[in-house]
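Both complexes shown next keep chain A, but they swap its partner, so chain B is in the first and chain C is in the second.
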Partner chain A sequence: MTWISKAKLKSTLKAYLFLAPFLAVFIGLVVYPIGLGVKLSLYGQRGARMWYVGFDNYKRIFADSMFWDSFKIPLFLLLVQVPLMIFLATMIAFLYETRKGGGPVYRFIYYLPYTIPGIVSGLVWSYIFSDSMSPLSPLLSLFGLENIKLLTRGNVPGILLVIILWQFTGYTAFLVYSSLIAIPKEYSEAAQLDGAGLWQIAFRIKLPLLKGPMITLFIFNAIGAMQVFNEPWMLGNLVVLPLNYTPAMYIYNSAFSQGRFTYASAMGIILAVLTCSFSWYILRSAGRQILGRRH
Partner chain B sequence: MKKVFAVLLLVLALSVSAFAADYYPEYTGKPTTITMWAWTSNENYSIEEFQKAYPDIEVIWEDFGVHYEKAQTALAAGSGLPDVLMVEYSFAPQYMDLGAFQPINKWLDEETFVKLYGEEALGWCAMDGEIYGTPQDSGAIGFFYRQDLFDQYGIEVPVTWEDFAVQARKFKAAAPELEFNAPPLGYALWWVGLVWQSGAKMFDYHDGNWYIDFTNPVAEQVFEFWGELIDDGIINPTMWWNADWYNSLNMGTTATVLNGCWFAEWLRYNAPDSEGQWRVIAPPNFDPSKPHNGMLGGSGFYVTAHSKNPEAAAIFVNWLNSHPDSLRCLNQYSNLPIMVSQRYEEVVHELAIEDTFFGGQVIVEDLWDAHNLINTTFVCLPVWSNLDSALSLLLQDYADGKIDRFADILPMWEEQVIGFMEEFGYFNVIVGELPE
Partner chain C sequence: MIRSRRSYVVITVILVLLAVYFIFPFYWLTMGTTKNVSQLFQKSLLPGRPSHLMQNISGVFNYQGGVFLNWMANSFLYATVGAFVGVFVAALAGYAFRKYDFIGKRLLFIFIIAFAMVPGFATTLPIFMMFRDINLLDTRWAVLLPSFVNIFAVYMMVSYWNQVEDEVFDAAAIDGANDLTTFFKIGLPNVIPGFITLFLLAFVSSWNNFFLPLVVLNSRVRMPLILGITTITDPQGFPVYNLTLTASFFTILPLLIMFVSLQRYFKPQMYMR
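For the complex of A and B:
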C-alpha cells in the first residue's frame, strides 16, 4: 500500500519536473498577470499613489457610457463582418476543393494577407484611402467623381470591414478547407450516386458536417471583433476617432494617455468576462442544437 | 562708436563669464551615472560637452518611440523613471501634480533660474515655488509661408489678423483648389497657443487653485476670428502630423502654417521638395502696436522623483539647457532653432546663418525676435490629454456638420474640461476668472 503510493508520488513528481519549465512560464506570464490585473482593478490610482477602493471602479464603469458606446464597432463587426467572412471563406473553400490538389497557388495567394501584421496592413490601407495618396482617386475620377474624401469618420466602419475581410478571409478559407478534406469521400460519392449536384453536395452534405469547425471559427472571430484595435488605431492617424472607438482603444487610451491604469484594468476584466460568457453561451446553445439533432 | 560698442561687449562678455561659475555648482557626490529619456535628435553632442565639464557624471541618453506611454507606466508602477525626463511644457503640470518630479531648488534657486531662463519659464518648470526642471527649446509661434505661392497670387505677408483674413479670402478666390491655411483638427496646443499669442490665456494655476476661463474676451475673439473664416469655407481645418498633411506642405497645396518655431526642422525633413520656398516670420497681431507672441510646444527637462542622484541630474539639466557650449550643439546638431535660456543671446549671432531651405533667410534671427515677444505665461491644466481629445472630437463634430457655428465650440469645450477636472478629483477649481 505505502509502496504503491510512493511510486505514484515519484511519478507525479517526475511529471511535474518535466512540466516545470512550462509551468514557470505559464504562471509567470499568464496566471500572475491576470491575478495582478484583478488586484489592480480594485484600487484607485493617481500617479504612483494607489489606494484600495473595492468595486468602485466596476461601479463607475457600469455608469460610464463611453465604455458601453465603444461596443458599437465590435457589435457591427460581429453582426456583419464575421458572418460575411465565414460565408465568403466557405465559398472559397468549396472552390479550392474543386481544383486539383486544392488549388495550392490560390490558397497561397489568399493566405498571404494573414501573414502581414495588422499594424502594417492598417498603415497601408489607411494610405489607400487617404486624400493625397489614394490609388482609388484616379479610378473614381474616371467616373467623374473628383475630390471625393474616402477616409471620413462615417466611412471608417466600412473601411474596417474591407481591411479585416482582406486580412482574414483567406486564412479562414484555409481552415474551412482543411476541415472539408477531413470529411470522408464516401459521403459525397454516395450523394453523387443519388444524383446530387456539386453545390447540392456542398450545401446539403458537407456544410452540416462542418458545424463544429464553424462554431469554433465564429467564436474566434467574435473574440477578435471584441478586441479590435490595430486597424482603427492606424486609421486614427488620418481621421479623428474618439478615444473610445473600440473597447480595446478605450482601455489603451485610459491607461497610457490618461494614466488611469487601475480603471483600465477593471475595464479589461469586464471585457474578458463578457468575451468568455459570450463564447460560453454560443458553445452551450450550439452544443444543445447538435445534441438535439442526435435524438 | 563702434569701438565703444566693442568694449561694452567685451565687458559684458567678461561679466557673464565671471557670473557663469555661479550658475553651475560643483558636483560634490561620488562618480555616478544618470539616465535621460528624450526625443530630441543628437542630444549626445551636448552630453559630450557636459562630461568635459563634469567628468564625474556620466549621462546615458535613451530615446523611445513610446515616450509618454513608458513614462506613464513607470510613474504608475512607482519605479522605473529615468533620472531626467523630457516632457512638453503643456504636459509638465500634469506630471508635477502627479508627483513624477522632485524639486531641485537646492542646486538651482529661483533667482538663478529667472536669470538663466526668464520669469515666464517658471510657469513651465515650477509649481508652488518648487522648481522641477529647466526649459530647452522655445515653441514661439512662427508664421510659415510659401514665398512662391505668395508671389504667384500677389499675396502680402499679413501684419494684422484683419489683414490675414483679407489675404486668405483673396488667395481662396484666386486658387480655390489650394488652402491658404489649414488649422489642426484637434491639437489643443495650437488653439491655446493662438490665444496666448494674442496676449491672453484660458486657464492657470495660482496659490493652490486652478482657474478656468475659456470664454474670456480675447479667447472669444480668437475663436470668432477663425470661426468666421472657417464657417465661410475660406479656411478648412485638417488633421495634422500625417502623410496627407506633409504632402500638402511638400507639394504646395497649403500656403501657410502657424506653428512653433521648432517646426522649421519638421518642414525641412518632411517637405524636402519645397526647399527654398518657405519663409517664416512672427505671426500677425490684432493690434500691431502691441505685438505679442505665445508658444506652441517646446519641452523641458525635469528631474524625476525616481532619481537616486538628484544633485547630478539637477546640475545636468541646468547645464544642458543654459550653457552656451550646449546651446550651440542643440542648435547645430539637434537643429532646434531657438532655446529658451537667456544665455542663448550669447551664441545666437554666431548661429544666425543663412538657411537655404528658407531661401537664404536667417531664420534664427527672426525666430529669436518672435521668441522675445513672449511676455506672458501660465500653467497648463493637469488633464491635458483629455482636454486635447475633447477638442479633437468637437472639431470633428463641426467637420461632420453636427455643430453649426465654429465659435460655439469654445464654451462646449470649456464645459467638458470642467467635467474632466471634477472627474479627476480637482475640487480647487475656480471657473469664470483668471489670476492676474
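For the complex of A and C:
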C-alpha cells in the first residue's frame, strides 16, 4: 500500500485550481452535451413529448437509406479530392524548393484562400458558377460552348472539388514544404553525389521521409470530408440539393427542418464515433509526444 | 544548361497558372463590389462602369436600418472575447500540466485530448437543447460560451510550457513568489508568442464559425457577419447579389489585413476546417 505524500496532495490541489476554469467549461460545454446527446439518442420523440426507446433510433438509422446516401459526397471527397489535393500539394512543395528562398510570393498567394471562411468561398464560387453571373460562360462561348449550365445538381460534386481544392491546397503545400525543409541537407547532397537528379531525389529520398506528416494530413482531411457542410450549404442557395446531401446537412435538416431532434442526435453520435476512430492514430502519437517529454 | 533553363520556364508557367486559380475569386469578388445587379449579369471581368462601389457600400451599411454594423460589432465581440478566454483558460491548464505532479495527471490529459476530435455537429445539437432549457437561446452567451473551450489550445499550451526551463520556476521559488505570481509574472511572458499564435487561430476560427450561430441565434441584431451576410434579401425575400458580395468583401477584409500584417504569428498547424 502506498501513501500519498502531503507534498503531492498539496500540488494536486494547486494543479486543480489552475485547471478549474478549463475543466468547468470543458465539462459543461463538451462532456455534458455529449452525454446528453447519447441520452437523447436513446429516446423517441414527437413534438415536445419524449420517451425511452433503447437503440431504436440506431436501428432505424442503419436501415435509413437517406443516411447512407448522405455519405456519397464524403466518400467522393475522400477518394478523389483528398488524394488529389495531397498529391498536388506535394508537387507544389517540390516546386517551391526549386525557387530561391522557397518562392515566398507563391507560398503567400497559394495560402491566402485558407484564411477565407468556407461560407464566403462557397458564396463567391457559387456566383462564379451561376447561370446569371458566371464570368466563365463568356470564356466557354469563345470555344463555341453557348448557354452551358454550369451549376446543376449533377455538377455540384465537381464544383465542390474546385472549391475545396482552392481552399486547402496552398495550406497543405505549406505544411508539406515545412516538413521538406526540415529534412537534413546531407541526405540530398549524398544522393546528388551519386548522380541522382532533382526529381529522383524528391521521389526516392524525400517522399518516403514524409510518411508521418502524410498520414496525419490524410486523416485530418478525411475528417474534414466527413463533416463537409458550409460549401454545399451555400451552393444549395442557387441549386436545389436534397436534405441529405451530406451527413452534416442531414443531421441539421432532420433536427431543424423536420424537428426530429433525438433521431438527429443519434446520427451525431454515429458521426462522432466515426470521426474519433479515424483520428485514433493522431491522438495516440499526440499524447505520446507531449507526455513522454517530462515526468 | 539549356535543359534546366527550359524546366525553369516550365515550372514558372505552372506556378503562375496556379496563382491565377488562387487569386481569381478574390479578384472577381473585388470587381463585384463595383457593380450593380445588371452589371453583374453582364459577366464581365472588368470593374463596373460607372462604378457602383459607393452605392454598394452605402447600401450595405444602410441595409435594414444599419444592421450590418451590429453584425460587425458582434463578430469582433465573439471572436475577441471567445479567443481570449479560450486561450487564457488553456494557458492556466497547460501551466498545471507543466508545473505540478498531480493525481490523475496522465489520465486527465488523455481524457481531454480524446475529446479534441469530436465534431461540432455532435455537440451543437445537445447544446441547443441545453440552452433552450436554461433560456440562453438567441443570446450572445449562446455563441460565446462554447468558444471558451479550446482543447487544441490546451494541447499546444502544454507543449509551449514544456519548453520553459525548470530554472525559470526554480528561480521564482527561491525568490519566494507564490504560484499565481509565478504564472503571471514569470511564466506567462515565456509563452507569449505561442499565446498570440493561438489567439489569432482561435480568432479566425470563431470569426468563421457559421454552424453554431446558425443553430442558436434567431435575431438578426445578434448575428455575426458570417451568418448575417447569408440573410441579405430584398423586401420580397430575393437575394441581392451586389450587396451580398460587398458585404462578403467586408467580412473577409479584417481577416486578410490580420493575416498580412501578423504573418509571422500565423504558423500553420495541423488545424483544419
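To be clear about the criterion, the second predicted complex is superposed on the first by the 273 of 295 C-alpha atoms of A that agree within 3 Å, B and C clash if a C-alpha of one lies under 4 Å from a C-alpha of the other, contacts with A are read in each partner's own complex, and residues count from 1 in each chain.
Assume contacts are C-beta pairs under 8 Å (C-beta built on N, C-alpha and C of every residue); 3 or more make two chains touch, one makes a residue touch a chain.
No experiment lies behind these values; they were computed from the predicted model shown.
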item: Touching partner for A:243 - first (chain B), second (chain C), both, neither; value: first
item: First (chain B), second (chain C), both or neither touched by A:256; value: both
item: Comparison of chain B and chain C by chain A residues contacted; value: C
item: Partner chain in contact with A:154 - chain B first, chain C second, else both or neither; value: first
item: Chain B versus chain C as contact partner of A:76, first or second or both or neither; value: neither
item: Partner chain(s) touched by A:132 [first = chain B, second = chain C, both, neither]; value: both
item: First, second, both or neither for A:58, with chain B first and chain C second; value: neither
item: Which superposed partner A:49 touches (first chain B, second chain C, both, neither); value: first
item: Footprint overlap on chain A, comparing chain B with chain C; value: 127, 132-133, 237, 255-256, 261
item: Complex interface listing, chain C residues touching chain A; value: 8, 11, 14-15, 18-19, 21-26, 28-29, 32, 40-41, 43-45, 89-90, 92-93, 95-106, 108-110, 112-123, 125-130, 145-146, 148-149, 151, 154-155, 158-159, 162, 179, 183, 204, 207-208, 210-211, 215, 226, 229-230, 239, 241, 244-245, 248, 251-252, 255-256, 259, 263, 268, 270, 272-273
item: Contact footprint of chain C on chain A as seen in their complex; value: 4, 8, 11-12, 14-16, 18-19, 21-23, 25-26, 29-34, 36-37, 40, 92, 95, 98-99, 103, 106, 108-113, 115-121, 123-125, 127-128, 132-135, 137-138, 166, 168, 170-171, 174-175, 178, 216-217, 220-221, 223-224, 226-227, 229-230, 233-234, 237, 247-248, 251-252, 255-256, 261, 264-265, 268-269, 271-272, 275-276, 278-279, 282-283, 286-287, 289-291, 293-295
item: Residue ranges of chain A in contact with chain B within the complex; value: 45-49, 127, 130-133, 152-154, 237-240, 242-243, 253, 255-259, 261
item: Of chain B, residues touching chain A in the complex; value: 68-69, 72-73, 75-78, 97-100, 185-186, 239, 241-244, 247-248, 251, 305, 385-386, 389, 392-393, 395-396, 399-400, 424-425
